[in-house]
Every structure is written in structure tokens, then in C-alpha cells.
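In the two assemblies presented below, chain A is common to both, partnered first by chain B and then by chain C.
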Partner chain A sequence: MTTVTDTDTAAPARTYRTRRRLPIARAVVIVVVALFAVWTLWPLYWMLSTSLKTSREATSLTPTVWPHSLDGSHYTGLFTGSLPFTNYFVNSIFTSLVSALVAVLISTLAGYSFSRGGYRLNGALSLAVLATQMLPLVVLIAPLYLLLLKAHLLNTYLGLVIGYTSFGIPFGAWMMKGFFDGVPREIEEAARVDGYSRFGILFRVVIPLSVPGLVTTGVFVFMNTWNNLLYPLTLINSDQKQTLPPGLLQSFSGTFKTDWGGMMAASIVTSLPLVIAFFLVQRSMVRGLTAGALAGT
Partner chain B sequence: MASITLQEVEKRFGETAALRPTDLEIRDHEFLVLVGPSGSGKTTLLRLIAGLETLTGGEIYFGDQRVTDVDVGDRDIAMVFQNYGLYPHMSVFGNMAFGLRRRRMDRAAITDKVQEAARLLRIEHLLERKPRQLSGGQRQRVALGRAIVRDPAVFLLDEPLSNLDAHLRVQMRAEILKVHRAVTATAVYVTHDQVEAMTMGDRIAVMSDGVIQQVGTPDDLYDHPVNRFVAGFIGTPSMGFVECAREPGEPDLLTGTGVRLRLPAERVAALPAKAERVSVGVRPERLTPTGRGDAESASCTIEGVVEVVEPLGSEQHVLVAVGEQTVTAKGPREEHFEIGEKVVFALDPGHLHIFDAESGEALT
Partner chain C sequence: MTAPALAVLALVIGYPIVRAIILSFYHYPLLSPFRNFIGAGNYQRLANDPVFWQSLVNTGIFTGASVVLGLLVGLVLALALERLQGPWRFVRGVLLTPWAMPVIVVAFLFQFMFDEQGGITDALLQRTGIVHHAIPWLTSPNWAMVAVTLANVWQQAPFFLLIFTAALGGVPNEVIEAARIDRARGWSMVARIKLPYLRSAALVGALLMIIQNFNNFPLIWAMTEGGPGYSTSTLVIYVYRLAFTSFNVGYSSAIGVVWLVLLLFIAGWFIRVLRGQNS
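After this line comes the complex of A and B, so read on.
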């Protein structure tokens, strides 16, 4: 009896030590992460700081980390000066939103078709669409220019949206395919038994289950089009229809002088929609990008 | 309500025959179980009846109506899937009402039907929940509810209990039978579990390699299997088989390693004259220990060495090596067996199942 009791009381002493990270290792991790944060955030800070400096301070040969005095004139100048910044901004918002919506719509249909297959050329067709992603935009711009020229769509919103969606859809279709692959076929078959058509099943069952995918695809296309410089620079030739990236480049950067304060203020304003969009949908996006990684997700 | 008739129904996936040409008649209101091992073609057959797969050949009729080319949504069927197939973004109510909405029923009628089905399945308190908030058993009930609210003519169930634990499975077997009695639809139930098949089916179709081996009542299949496959598949523990040869000059005597079976005249008469090598099957409950000494007086005996004893509480299973083969004996647990012990079992020749050693077909 005594032996048993001894063994029982001794047992708790043999508890396994939980793995605790050493203080030094923890400090190293914190320092590395902090350095990485500074590395990433410094350009953003510099952009914000420069936009709030006076033009003289912004171009001073002895750069200052903190602005001597906060100057908002670069921001007010964007909307009140001779620069058609509001035009650029509205054009960017309009073309990016329309492109994202069109790309999501077509990508959804294409991705569903690639995912569910059932026709002879499915594999070849989906790979061909993927292959277009291997071509750099610069290679595509000349043929696209000629096509739009013949269709009289140069210097139009429609032409620009066609250009944007031409690179957004292949990416979106493959992303949506990944999502639809994760929707169990039994659910669709249950809806077929319930009497729904292919489109009924797509819109009432499959798409509601793929909202993170739609959001992810939409945001990616929106970001890519919002930041796109090459297409509007080539396909648009009037200030009235120009978008932000080429507009800013042409307005603030001259042969003899660059307005750094104005350019930075414009860059901050230009970044805001993306930052807001990202924060609004980041949860969906993370779910979207990791969907299907684990069984049962 | 409808009977189901399959005429020469066939399904191939490329070069692979998932279902060879098959005829089957399922009676109105009947509960037919398709049972067989994985890859036997039972789910393919069910999906062909549902219309979820297209036929390579043959015809399907519901009653007098030819439904071979009728779309799945127009066949008046309901189906319960192995993984439930519930719509994750809808509530339990939404899941059950989804099919009724498609039929443009008015809202009050939909609510009544869903409530009625929920009452039958005791899930009224779950109607507002999403599928992810339910246990496996509750999800299965919702899947059943979704099927029965539509008053289908044909009720198809594809291994609906395979994701449940053993205890819940027994409970749900009774639930499904209760639901079937309530809806009185013709039901086709797929399972690989022969216990489910035996306990639930009015009739059972045993499948293997894309072919229906035998269709019959549970007792038919158990007592009169048409071949060795059916004999071995139906029954727990499985039927044991020993290989035997007919003794030259003694047509009523079958012998093999450890086996000596003297058949009565009527069974000898039923054996084909040229059947020299046969496979003899014995149900575990028919193997009776001879009491160590009575072996000489018994007309049929099997002698072997005890390999494993499996006590199950109320009874025990004893695995006995007979030459190269193993047979299982089932008996009361009071009987004591030692591993390695030599045992002799006496058999009633009327309970022997004799099969052709080559083809496996039943000979008597």
C-alpha cells in the first residue's frame, strides 16, 4: 500500500516542462519584427511627412524627419489648383470599380465552368486562360492598342475597362475555380434533386458559399487596375478621361522640376481607397486566400 | 408512389464497367437495400435511378412512366446523401423549405409542411440553426426532413448512416424505418453494412463487381445464398468455407483436411455428378462442439485448432484453423476454449451450403 501511495504522490513531480521560449530568443524576434515594420512603414511615413512639409522644406538639401510646421496646402492644391486631380480620381474609381465588377462576373461564370467541367476542351481551355498570365502586360499592349484602334475605342472608358479586364479575368477565373472546387458536389446534387437548374444552383447555392472568393477576386482586380500605369498611359490621351497613375506622373514630374510635396499628397489621397477597401474586406480576403487548405474548410 | 423497373440498365466510365446490364423490379412502397463492398456499383445504380448519372444503356421506369431521359429535378424523387449535402448558408428551416420554394408553394403551406416533418423527426427546436451548429445525428435528421417534406414518389438514401457512431446508427436505423412507414414512398437504400441491410430491408439486392448477385428477403439470402459471394457477405460473423473432394466410390462422402461430411441421400441426389471438388459453407451458429468423444458417432464433423477466442459478453466467437482455412464458430460464452486446443465440431448436414469450387455457384 505504501509503495502505491509513494508512486502516486511522486507522479506529479514528473510533469513535463512546457516549452517556453527563452527571453533572448523572444527579444531577437521582437527586434527583427520591429526592424521589418520600420522597413515597410518608413516609405509611407516619408510620403506623409513630405506631403505636410512646405515646398522649400521638402526639397531642402538637409532633409528633415519631422516637418518644421504642418502645411496642408499640397492637399488643398490638389482639389483647388489647375490640376484636374478630381477628374483623375473619379475616372480611376469608375474604371476600377466597373472593371472589378465585370471581371468578377465573368470570372465567376468561367471559374464555375472550369471547376465543374463536363465538356471535352475544359482542361485545355482552362490552361490556355492560365497561360495568358505568363505574358507581361508590355507584350499585350501593342495588339490591344491596335484592336481598340480598329474598334474606335481608344480614349474611351469602355476601351480602358476592356484592357483592364483582359488581365483581370484570367487571374479571377482561376481564383474562383479554386473556390468552386471547394464546394462539395453533393450540395449541388442536393439542389438538383430539389429541382433547381444550373444557374439556379450557381446563384442560390454556390455563389453564396463563395462570397470570400468573390470579394478576394474583386479586390485583387480593383487593386491591379487602380495601380495600373501602362494601360491608361497608352490607351487614354485626354486629361478628361485620364486616371490617377499617369495623371500624377505627368502632372508633378517635369523636366526641370518635380513637385515632391504635391506628388506625395496626391499619393496619400490615391492610396486611401485601397487602404479602406483592404481593411473592409481583409477578413474575407484571408479566408479567401486560404480556403481549401484544410479538409472541411 | 411508384414501383421502379430497371431494364438492362448499364453504366460505363470510359472502358470501365461500373454497372453491367442489370434488370431489377422494385415494388411500390417497398424498402429495398442495395448492399455490397466498395466498388460493387451500388451507389452508381442509385445515382442512375436518381438521374444524377446518365445511362450508357437500358431503360428506367417509375410505374408506367419512362424516366430514362427525365431530368433529376422532374423525377419526383428525394435523396439523402452520405455527407448529408445540407446547404451550409441556410438555416434548418431554409434547408427543408428549399425544394418546396422551387415548386412555388405558398408560404403558409411550406411552413406547415416543414413543421410537420420537423415534429416527426423531433427537430422543431433546431429550425433556426445553421447546419454547422448541429451534431451528426441532428444533421442526418435534417437531411431526412428535407427529403420527406416533398412527399416524393421515390426515396433514395446513399449510405446515410456511415458517418455516425455505432450507437447513433442503431437509433437512426429505427428512425429511417419509422419515416419510411410514415411517407410510404418506395425507398432504395445503399449501404455496405450487411447488418443494416438485414435489419432494414424488405428485400436486399447484393451487388459485386457491377452485378446484382441475388435479390431476396433477408431470410432468403441468409438461408439460400445463390453463390459463395452472397453466402460470405451476408451474416455476422461470416460463413466459414472448407474445400472438399468427393471420395471415389463413395458419392455421399465429402472429405478434406480435418473435414468429413457424409451427406444424406436427398442432398447427394441434388449434387451434379461431375462436381468432384466443392466448397462447403457453414454458418458459425451451426458449428456445435462435439463434447470431445462424440465425434465418431456424428455423420459430419470438422476438426481444427483454436486460433482466437473473441468474448462478446452474451456469446463468444471462436476462430478455428481447419487445414489452410479458418472457420468461425459462435456459441455461448460458458463453453471454454483454449488457444491451440484441438476441437471437433459436429454438423447437421441439412445446414451445409455446398458450392462449386471453381465458379462459386450454389450446388444444392
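After this line comes the complex of A and C, so read on.
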């Protein structure tokens, strides 16, 4: 942690300032950063180290801070044991990917017309988008449940993906609008002169220029669906079709209660796709997070 | 081109809202065929339901404490880490990790660390002599609220770190230089020059997180299911419990509708604040 502050001495423009700085102030900064680093990293370390302990050590009543011996059996156990982890994992990947694709497709169209539409349409729709982002999903879930029950779509992938679109599309449409706003209209004018239709312009000119935006939106929707507990918990009721969050919750509060090692290994494997996705889009993260916030302006 | 989006949203958002409003006037048990119109009955029941009021208070405590603590931690970290350069920026990346983790994992992790038997938090507190008896983190009503809030702050503080870092990047260099020439250093630089630039980021971030925590279902559900008793039941948890463990869809919808109205007010306020920020 000490080196953190050393780096500013390396920046020549700021050197004079750093030298004059009180050593006490600098020490305070270092202590603060160190404390918060421990607060943040300790749980992560604990998750990793528990997942690598033997079952006996992981469930011991006097926990050991350093694992006595490293053991990968909790990880292999996930894929070979009686917990249907592979099932959950495949279902999560499948439904999240499909939802991301569907949401990107539909919200590209919507986002494009938000971006190019008239002011009045734009204002009203963007308010609607903002409002839907704030909707408590739990209020929607009972009516949605009854609807899917009637349509015989409970416990199907289709039903779950339909549910996921309720937050994927408003969010996606708003993000895509932001990206399309960045594509200069002159390019479209030129394409129009060349005789492209409206859809031709969108698919041959605008979309190829907005690929990073499409990817970012897709990744965001993927992350949100991967994270979602409420929808699969209510709309899916068999292990065969269940996704990771409710699947793990039900397993580890029932049959596998206090299998802490297995639980932590499952947690790490469940986190990996999300953490990787996060770092892929980290640059546009702030924009994505505040996409809803800026919708009303 | 908005037609497909509007069609889908009408189905998955418009219809459920209308249906929830209608359902709120019915006695509607999910599993039995006896359903009848009871007018404002559910709303009358709600006014006299102590659990509803407790859930409302719990929502306020959980949301307020999470946002205030998360914001402070994020702010301090963003200021402290502001001048990271080159490869050291990865420190910030690592500190952002909790925000990227699935909520369910955060819940599992803290459930494990706060376990009364063999949980590391109690073990460390006892070994260092800070407490003599294990703290019943998840089994005592008051501590359970502390535990879920701490877990939530752990996950959300990096969000504030992220937006404050972005906002600090937006402070114009000339302003910093001018302040430096005026010999503003250390604390006065932060308090007089930088904090005012962070006000709008703080506002937007706080409002976003207020709304998100109002709706935070997975963390509390996975850690305590709203218990012990109703001590950590927020409105989301209560609505869910009523609909899917008591199967009382009518009453659950009535609470949902009240809450929807409440959120609309917050959303309206949010929009006004944002418009004020921009103009």
C-alpha cells in the first residue's frame, strides 16, 4: 500500500506539492486505504481459502485463518456430486445469453428511434423508460406468474426469458439510445442520398458503427439476468430448468446446509462470469450505471 | 421501430401493473378457487397491519444506512486513491470487485462469515478479546439488520468509489492549478475545491442506490428470509412472502400498489432534482 502514494513522486509536475505535504496527512491516507483494502479483500480471501480447505477444516467450529492443506475436492464435487450444479450453470448461461440477445435486438430498434425521433416522443418515452427502471419487480411478479400460468409457460425457458425482458429492454433501449446519439447524422444523410432505406441505413451503416455499444448493452443485460433471483425463484420449479441463484439458495439452505466449502466453491464459480464481464465493460460502467439516472433529463 | 419494444413491455410491465391494481381489490388466494371482490378491504387491513408498518420502517433503515455508509466509504476511498497512476490503478480495480459479484454470492459469503457456530467474524472478535460472547449476527433481530446492512455496504461502496472517481476526473485542471497557486493543499483542497464538484455525482448515485435498495430482494431473502420474525423484512420481502408463502395474492398486490405510488413520488422527485442539476 505504501507504494500507492509513492507513485505521485514519480509524476514530475506534482513533485513540489508532495514534498510539502505533511507526513501525518500522508500516513492517514495510507492507513485509511489499508483499512478499506482489508475490509474489501478479507471476505474475498475468506471465500477463496474456505473453498480450498478440506470439508472437515471448512466446517470446523474453530476456523483456521490459513488453510492447513489445499484441496480442490469442493470444485470437482460441484460437477460430480449430487448437487445439480452443472444443470444450474448451463441453464444460467443459456437463459442469460438468450435474454441478452433478445434485449439487444429489440432495444436496438427502440433505441435508434428514440435517438432519431422528435423531441416530444423522446421526452415522453424516456420518462416511461426511467419509470420502468424504478419499478419494483416484486410487484410485477404475482400478475406475471398468473399470466404465465394461464399461458402454460411456467417452468419453461421461454417464460423466464419473457420475464427477464421486463428489465432488460427498458435498460437496453436507454443505453442504445446513448450510443446512437454518438453516431453523426451526416453519415446517415450520405447513406440516404445513396438510396438506402431506413432499415438499410440502420443495419448497414449505423449498427456497424455501434458494435461496442451493442456488446456493452448485451453484457449489461447478461449481468443483470445472471444476478436475478426473483424471477427464476418464482417462475421455475424444477431442478432441471433452474438457474444458479435460486438453485444454489435452495440447495444450500436445505440438503447441503453448512457445507461451507462447497458453498464457497459454488460462489466462486458463479461469480467468475460476472466478474469477467464486469472488467470487460468497466470503462463504460459509469455510463451504464447512470443510464437510468440520466433518462429523465 | 419502437413497436416490438412497446409490445413486449405492454405484456411484461403494463399488463402486470394493471392486473396488480385489480387484484388488490380482491380476496385472491393463489391456490384456492374462492376469490371475491372485497373493495378496499385489503387497503383497510393494510392500515392496521403492524407488519406492514414495521416493513416500511425496516426499508427506511436498511436503505438509509446502506446508502449513507456506502457513500462515505466510496467517497473517502475515491479521494484517497485519486492519484493512483500506471500499474497501481489495478488496486482500484481490485477494490471494485465486490460490486461485480452476484448478490446471491455476497449473501452466501456473509451468511457464512456471520454464522454463530464457526463463523470467522465471531471467532476473530473473540480471539482478539473484543467481545467475550459470540454475537448472534443472524439470529437476533437487531443484529440481523446490522449484518444484512454491512453485507450490503460491502457490495455497494465500490459503486460510489466508481462514480466518485469518474466525477473527480471531471474536475477541470485549471481549477486545481488555480487553487494550488492560492496555496490550497490537503484538506482545504478537498473540502473547498473538490467536494463541490462531487455534489451532483453524490446526488445521482445516492438516488440510484435508494431506489435499488428499496427493491433489494436477493440479499435479504438469501441471508435471513426477512427474519428472525419480521426484523429484516423490507417491503419487497413482505410482498413476496405474502404472495408466495402465504399465497395471499390480493393483499400482497395491495401493498405492492401502495409501494408503487410511493416509488413514483421518489422517482418524480428524482427527475426534478436531475433536471435542476442539468440546467
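By our rule, the second predicted complex is superposed on the first by the 225 of 297 C-alpha atoms of A that agree within 3 Å, B and C clash if a C-alpha of one lies under 4 Å from a C-alpha of the other, contacts with A are read in each partner's own complex, and residues count from 1 in each chain.
As a convention for this text, a contact is a pair of C-beta atoms (placed from the backbone, for glycine too) under 8 Å apart; a residue touches a chain by one contact, two chains touch by 3 or more.
Just so it is clear, the model here is predicted, and its values are computed rather than measured.
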Touch test for A:R192: chain B only (first), chain C only (second), both, or neither?
first
Touched partner set for A:S271, first chain B, second chain C, both or neither
second
Determine, for the superposed model, which of the two partners chain B and chain C contacts more residues of chain A.
C
Please work out whether A:P184 is in contact with chain B alone, chain C alone, both, or neither, and reply first, second, both or neither.
first
If you stack the two complexes on chain A, which partner ends up touching A:L209: first (chain B), second (chain C), both, or neither?
first
If you stack the two complexes on chain A, which partner ends up touching A:A142: first (chain B), second (chain C), both, or neither?
second
For A:S238, using the defined touch cut-off, is the partner it touches chain B, chain C, both, or neither? Pick first, second, both or neither.
neither
For A:S82 in the superposed arrangement: first (chain B), second (chain C), both or neither?
neither
Residues of chain A at both interfaces, chain B in one complex, chain C in the other
none
Name, in rising order, each residue of chain B that touches chain A in their complex.
50, 52, 72-74, 77-79, 81-89, 98-99, 102-103, 146, 150
Where on chain C is chain A touching in the complex?
1-2, 4-6, 8-9, 11-13, 15-17, 19-20, 23, 73, 76-77, 80-81, 83-86, 88, 91, 93-105, 108-110, 112-113, 115, 117-120, 123, 154, 157-159, 162-163, 166, 180, 185-187, 204, 207-208, 211, 214-215, 217-218, 221-222, 235-236, 239-240, 243-244, 249, 252-253, 256-257, 259-260, 263-264, 266-267, 270-271, 274-275, 277-278
Listed in rising order, the residues of chain A that touch chain C in the complex are 3-5, 7-8, 10-11, 14, 17, 20-22, 25, 29, 32-33, 36-37, 39-41, 43-44, 46-47, 50, 59-63, 65, 106-107, 109-110, 112-114, 125, 127, 130-132, 134-147, 162-163, 165-166, 169-170, 173, 202, 226-230, 234, 244-245, 248-249, 252, 260, 263-264, 266-267, 270-271, 274-275, 277-279, 282, 285-286, 289-290, 292-294, 296-297
In their shared complex, at which residues does chain A touch chain B?
184, 186-187, 189-197, 200, 205, 208-209
